[in-house]
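Chains here go by letter, A, B, C, D, E and F, matching the order in which they are written, and residues are numbered from 1 within each.
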Amino acid sequence: MTRHTDLTARIRARERVLGYWITLDSPVSTERIARTGYDYVALDAQHGLFSYEGMLRGITAVDAVGGVAWVRVEANDPTYIGKALDAGAGGVIVPLVDDAAQAAAAVAAAKYPPVGRRSYGPMRSALRVGPKPADSNDTTLVFAMIETPEGLANVPEICATPGLDGVYVGPSDLCIAVGGAFPNDPAVAEVFEAALVTVREAAASAGVAAGIHTAAGAQAAQRLAEGYTFATVSSDLTHLEQAAADHLAAARGGRGTADDGTGY
Amino acid sequence: MTRHTDLTARIRARERVLGYWITLDSPVSTERIARTGYDYVALDAQHGLFSYEGMLRGITAVDAVGGVAWVRVEANDPTYIGKALDAGAGGVIVPLVDDAAQAAAAVAAAKYPPVGRRSYGPMRSALRVGPKPADSNDTTLVFAMIETPEGLANVPEICATPGLDGVYVGPSDLCIAVGGAFPNDPAVAEVFEAALVTVREAAASAGVAAGIHTAAGAQAAQRLAEGYTFATVSSDLTHLEQAAADHLAAARGGRGTADDGTGY
Amino acid sequence: MTRHTDLTARIRARERVLGYWITLDSPVSTERIARTGYDYVALDAQHGLFSYEGMLRGITAVDAVGGVAWVRVEANDPTYIGKALDAGAGGVIVPLVDDAAQAAAAVAAAKYPPVGRRSYGPMRSALRVGPKPADSNDTTLVFAMIETPEGLANVPEICATPGLDGVYVGPSDLCIAVGGAFPNDPAVAEVFEAALVTVREAAASAGVAAGIHTAAGAQAAQRLAEGYTFATVSSDLTHLEQAAADHLAAARGGRGTADDGTGY
Amino acid sequence: MTRHTDLTARIRARERVLGYWITLDSPVSTERIARTGYDYVALDAQHGLFSYEGMLRGITAVDAVGGVAWVRVEANDPTYIGKALDAGAGGVIVPLVDDAAQAAAAVAAAKYPPVGRRSYGPMRSALRVGPKPADSNDTTLVFAMIETPEGLANVPEICATPGLDGVYVGPSDLCIAVGGAFPNDPAVAEVFEAALVTVREAAASAGVAAGIHTAAGAQAAQRLAEGYTFATVSSDLTHLEQAAADHLAAARGGRGTADDGTGY
Amino acid sequence: MTRHTDLTARIRARERVLGYWITLDSPVSTERIARTGYDYVALDAQHGLFSYEGMLRGITAVDAVGGVAWVRVEANDPTYIGKALDAGAGGVIVPLVDDAAQAAAAVAAAKYPPVGRRSYGPMRSALRVGPKPADSNDTTLVFAMIETPEGLANVPEICATPGLDGVYVGPSDLCIAVGGAFPNDPAVAEVFEAALVTVREAAASAGVAAGIHTAAGAQAAQRLAEGYTFATVSSDLTHLEQAAADHLAAARGGRGTADDGTGY
Amino acid sequence: MTRHTDLTARIRARERVLGYWITLDSPVSTERIARTGYDYVALDAQHGLFSYEGMLRGITAVDAVGGVAWVRVEANDPTYIGKALDAGAGGVIVPLVDDAAQAAAAVAAAKYPPVGRRSYGPMRSALRVGPKPADSNDTTLVFAMIETPEGLANVPEICATPGLDGVYVGPSDLCIAVGGAFPNDPAVAEVFEAALVTVREAAASAGVAAGIHTAAGAQAAQRLAEGYTFATVSSDLTHLEQAAADHLAAARGGRGTADDGTGY
């Protein structure tokens, strides 16, 4: 059993799992982060600062230290999903899923026939689970992001999508979706927290995993304690900027100031 | 007066100056760090994870937020020094300088005739101080690293090199140079601290700047308080790895463990 | 007020504005061109010779000299529009818009909810206007290209699209759209010029900006004199080829010959 | 007559033509392979290990030895098709075509008006056939891949699509499409071979070319002997892995073992 | 014991070891080759088609499948040797070593003080053997290439260099060094073979490893049988070109023709 | 006879030859420029904006349109010279040659034994003149730059170096070398022009080519008329910046202003 298949089993068993979120096209730092012991490292191809080549470099870097790489794909599009999986991603997080039909489309894009419509051409993925379509279908993870008003309204149906391994909350978009003027808008804190409950309860009812993006380890611990089954700490860019600002403040005898709220 | 020429004046006046050390080929994080307010950002072409193209991208990223970029060059070699300056570096930190002749060679490589032997071909540097060799010669900073037994022994002569703007301590190499088995080896802590005093007093006597590499902002503040005139907080790779480890520990309810002593 | 927000205001006031068109993945030349003083530099992600990474490099290079970068996106697709804006583009020029619904889709892709459906994840764009969605919505420019028969027919409705800042003529495609056998086909010169009048009058009626692509500065001046409110001189590749050909001809005592009509 | 236009003529005359399939972003090996004498070199942008920049580098490398480059595009999408052709591809192989409407869309994306809807902006393609849209339309090759159940069912209608130069079998996907559990599944060998007959007979009836992917030169020869008019030997990655494994086995006194069936 | 330290022990015990030689900047093929089971993969930074970034990518790719990467450095220069080791190479093959002083310089460049003069700044190498200089010194392999008339004359003294782990024959240069008009020149076959005997006997006498470059697995087996202790099969570029030519010949019913003697 | 060998013959016959100078890492513009008809295109690895990978891309681009590429190498160092030639350069322009010994070293680095000491490992160069060392030695061009006081003083001895094909004036450095405060300093115009006469007369006496860098085609024509045998028009970066500035001035009704004297 590889780390990839083991993690897939843990996700499907709704065990508690921790990940880290990568936005930088910087394979050496990605590799170092993967080595610290997170269960997975998620490469952000939607808002992150890379495209295909950076994604490929990042997955390779995670592999170099024996980690597991997932990709948040650019969009719910078979081309992007296929490229991420061919490059060796163990799973895909698909943004902006509004309803069960879109969730089913995401699953279809990630699975070979007869389950789905993924085109055959494993490249680095052949390193991971062998060339048989069924083996790949069995172990590839697919998550639908809940971050729009429609997605929130349809979360039970989305969770019930055959082949979907779970849902994943994008808190910045979701906060705006529930009426926030900006991420973490205190004016909508209650409705936002209620939405988080809705999502995780829907996942629990359907028996699928419930994941969420968090800005820090402590927040990840809190969400897992509340009932989310996996959480990602985010992100390299914001953590690095914060560290640099904190060191500057320490050098000058004050406190860091880089908190500009972009921890989406 | 540009930020570059202003910083040069401050260095030459032995004012207190703070910088940050970049090892990653990741322009977007370099840009964010430069924006936090450090007086300079130093790109490490010796041990950092990039070569010419990464250096060029990094300097451009620093410029994009109005910062000042210096380069720690690969070696005391006119080709590397010329390439860094042509790419727009405001100054060069030259490693492993053993004596005054090597320091003079570093200066010669960084200055056009008749002062030195730099070959004319400004590229991005033409954006900064104009195409006249004398203008460039006047504002380009050159630092010699003190990090070998020979360099430490010859630090007064090195400081007296015409055109040299200061010395810069590489603490990891210097610690090994004074007999340490590894950087920060407590067995040589006293002799190491004595060496630091030797370097900064030599610089003070010669009226040139004394810089040093530090692992954190607080340590930078301490070195400046002791009499160093500039200090660099280092580095993006180690800070990011530490942040990821700290968040993981927090998520798991423990403490970070990434301190592997590589903060050279 | 930043250069970006200032330029947005000028566009919306229908002031006269000049830009330059970049097709090369060559950040240093892009930077030099931006420094010459154009109001904006437009990076062509549709027909230009780069993809995401080149676009990111190009925008950073424009920022390095304090310029404003816009992007002509690959297609009217939320993924491309979001990536360009996340990378720091101040505005997007959206190709091949056929009708008001497509124009509205372009606007929706460029604006966060509740105005549109842009997903939240500012990266370099956070450097520019702050992380609040409304601030970004207020200052991001969106232009619809008029270059198809349908687009020309529907230009009044397109101009009336809420949130659209203007229309932009792609003369090569438009010339073919009106029946030309090739760009600048003299056989359709009259109908083409009439189409240009149609577009700029529609924009004027709707109170939005009217932009156009031109092959040279003199032509840009002419179009602005006619009533277009902004014009882009195009492009680095054709101008450089022409310059090389002209110098060769001068060296050989003749005239340049690179005019192959590809100044689309 | 250029090699490109000559090859186009041969394809349209249903002459026998041989190609090689590139998945690596490795221009120097692509160049060497192109030099061995294949009639075309196909760069795989769907499953290959590159995106736009790699495709551009690969086409340039093929041109450097006077070869002809085609591109298997990422998807049946005008943006991908336009980018490949602008970059200088002599033809496009469009994956996953299910019916005549999709085939017509592929043709429309590859041809300028009034034949299709390709947007005008030749870049490297201007090096090849001149800037006149009609010239480009006349010589650009478009192939539809037959590799889904729907595509197989609709192959006569697809072959009849005006402007389509031929069909191209993707054997791995097609094998799965006819019920195989994996590529080359012996359990479906007969139905698979029957499908190949169906495709080439449909092409012959329509007078268009019939192409197919093969794992080796001998297999290519066999398919051409059966009636396919062009065949591609695939691929650099699998052949190189096989060669390395064979040399290792020879060094150790055994036989190579790299045959993992991924020769899709 | 890691694969790296294990291999180091085997080399020092003069066990038989097999490697593969990489010249392409193509990490995915490098990774696939490393996975076939060679004891090491050597990346050629002297004549290969990459510089620092390609070397870094290649080493990461080898790590991704648990292999061991060595680097043939650009030249016997501390900057190149340090960069290769910082990037994570387990050993360096240093070209064009003429005498014992040059061999000693190569060792000094690869070892930290007090053994040598390598500057401290582990990056990826910190992933491998920990940050203590002595640990790195103990496990890093250093080989001197014998490929010049001087090197051949001085091979016993070179083999006796403290800290040197072995010698490595570059057959193309060595063939020319002994008077050949080109690599594998049959006119000098006897003197060339005698030189090979000289080198391996000198290594055996000194108790260090003797390595050699070969064009194929069978030749590697032969050299190991003769008494060489390690052999590298070379190279990806030539093997891939040969495979493509062979498939073309097979498709056309003839034989491959890519043998142009460049298997240096 | 290839274009490369034909050009070599013309240079050695002291025929009039024209080239263009590339500083941008922008292969598509390099390709377009090469297509305009210059006899050679020189890629500047010393002051240009690229390193090895950019040089390789540039040479490939020149080959793609059947041109001849030379490289001005980073320094008079066998590693740089070997890399440029392995990558396929037809000749090297070696900067900062001070005397005959340095010129002889440059020749030795460019020629295989027994003529010189170039290490054997042709890569792209094998595409050009075949793998036999003597063939390569016969056709590879080597030029020594005259741009220092010492080089000017020793120009007759430099011209007499066996194997050297000519000298090449770097006017910016040479102007400074003769006492100018900046390139084109009118204060030293006479002594500068006298130096140019010295160089070309020394070349004529020795029967080798005399080349020179020029800022424009008309200046190239003038230098050829005076007796220089080849001239390079320089450069893409300055010409493109000038073109952009000229178009801006034209659009605004004024004159271009980009003439900042950096046409080194």
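One rule holds for everything that comes next: contacts are C-beta pairs under 8 Å (C-beta built on N, C-alpha and C of every residue); 3 or more make two chains touch, one makes a residue touch a chain.
All values derive from a computational prediction rather than experimental measurement.
Colleague: Considering only mean CA positions as chain centres, point out the chain farthest from chain A.
Modeller: Between chain A and the rest, the longest centre separation is with F.
Colleague: As a test of understanding: of all chains, whose mean C-alpha position lies farthest from that of chain C?
Modeller: Between chain C and the rest, the longest centre separation is with E.
Colleague: Assuming a repeat means more than half of the contact pairs shared by residue number, which candidate in B-C, D-E or A-C repeats C-D?
Modeller: A-C
Colleague: Between chain pairs E-F and A-B, which one is joined by a greater number of C-beta pairs in contact?
Modeller: A-B
Colleague: Need the CA-centroid distance for the pair chain C / chain F, whole Å please.
Modeller: A distance of 38 Å separates the two centres.
Colleague: Can you check how far apart chain A and chain E are, centre to centre, with Cα atoms defining each centre and the answer in Å?
Modeller: 41
Colleague: Taking each chain's centre as the mean position of its Cα atoms, how many Å separate chain C from chain E?
Modeller: Result: the chain centres lie 52 Å from each other.
Colleague: For chain A, which residues are shared contacts with two or more other chains?
Modeller: Expected reply: 25, 28, 32, 49, 51, 53, 56, 123-124, 237.
Colleague: Under the stated touch criterion, can you name all the chain pairs that qualify?
Modeller: So the chains that touch one another pair up as A-B, A-C, A-D, A-E, B-C, B-E, B-F, C-D, C-F, D-E, D-F, E-F.
Colleague: Touching chain F in the complex: which residues of chain B?
Modeller: 51-53, 56, 78-79, 82-83, 86-87, 112-113, 117, 119-124, 126, 130-134
Colleague: What residues on chain A touch chain E, complex-wise?
Modeller: For this pair, the touching residues of chain A are 27-28, 31-32, 35, 56-57, 60-61, 63-65, 123-124, 127.
Colleague: Along chain F, where are the residues that touch chain B in the complex?
Modeller: 23, 25, 44, 46-51, 53-54, 74-75, 77, 80, 95-96, 147-148, 170, 172-173, 176-177, 181-183, 237, 260-262, 264
Colleague: Quick one: in the complex, what on chain A touches chain B?
Modeller: 18, 20, 24-26, 28-29, 32-33, 36-38, 49, 216-218, 220-221, 224, 231, 233, 236-237, 239-253, 257-258
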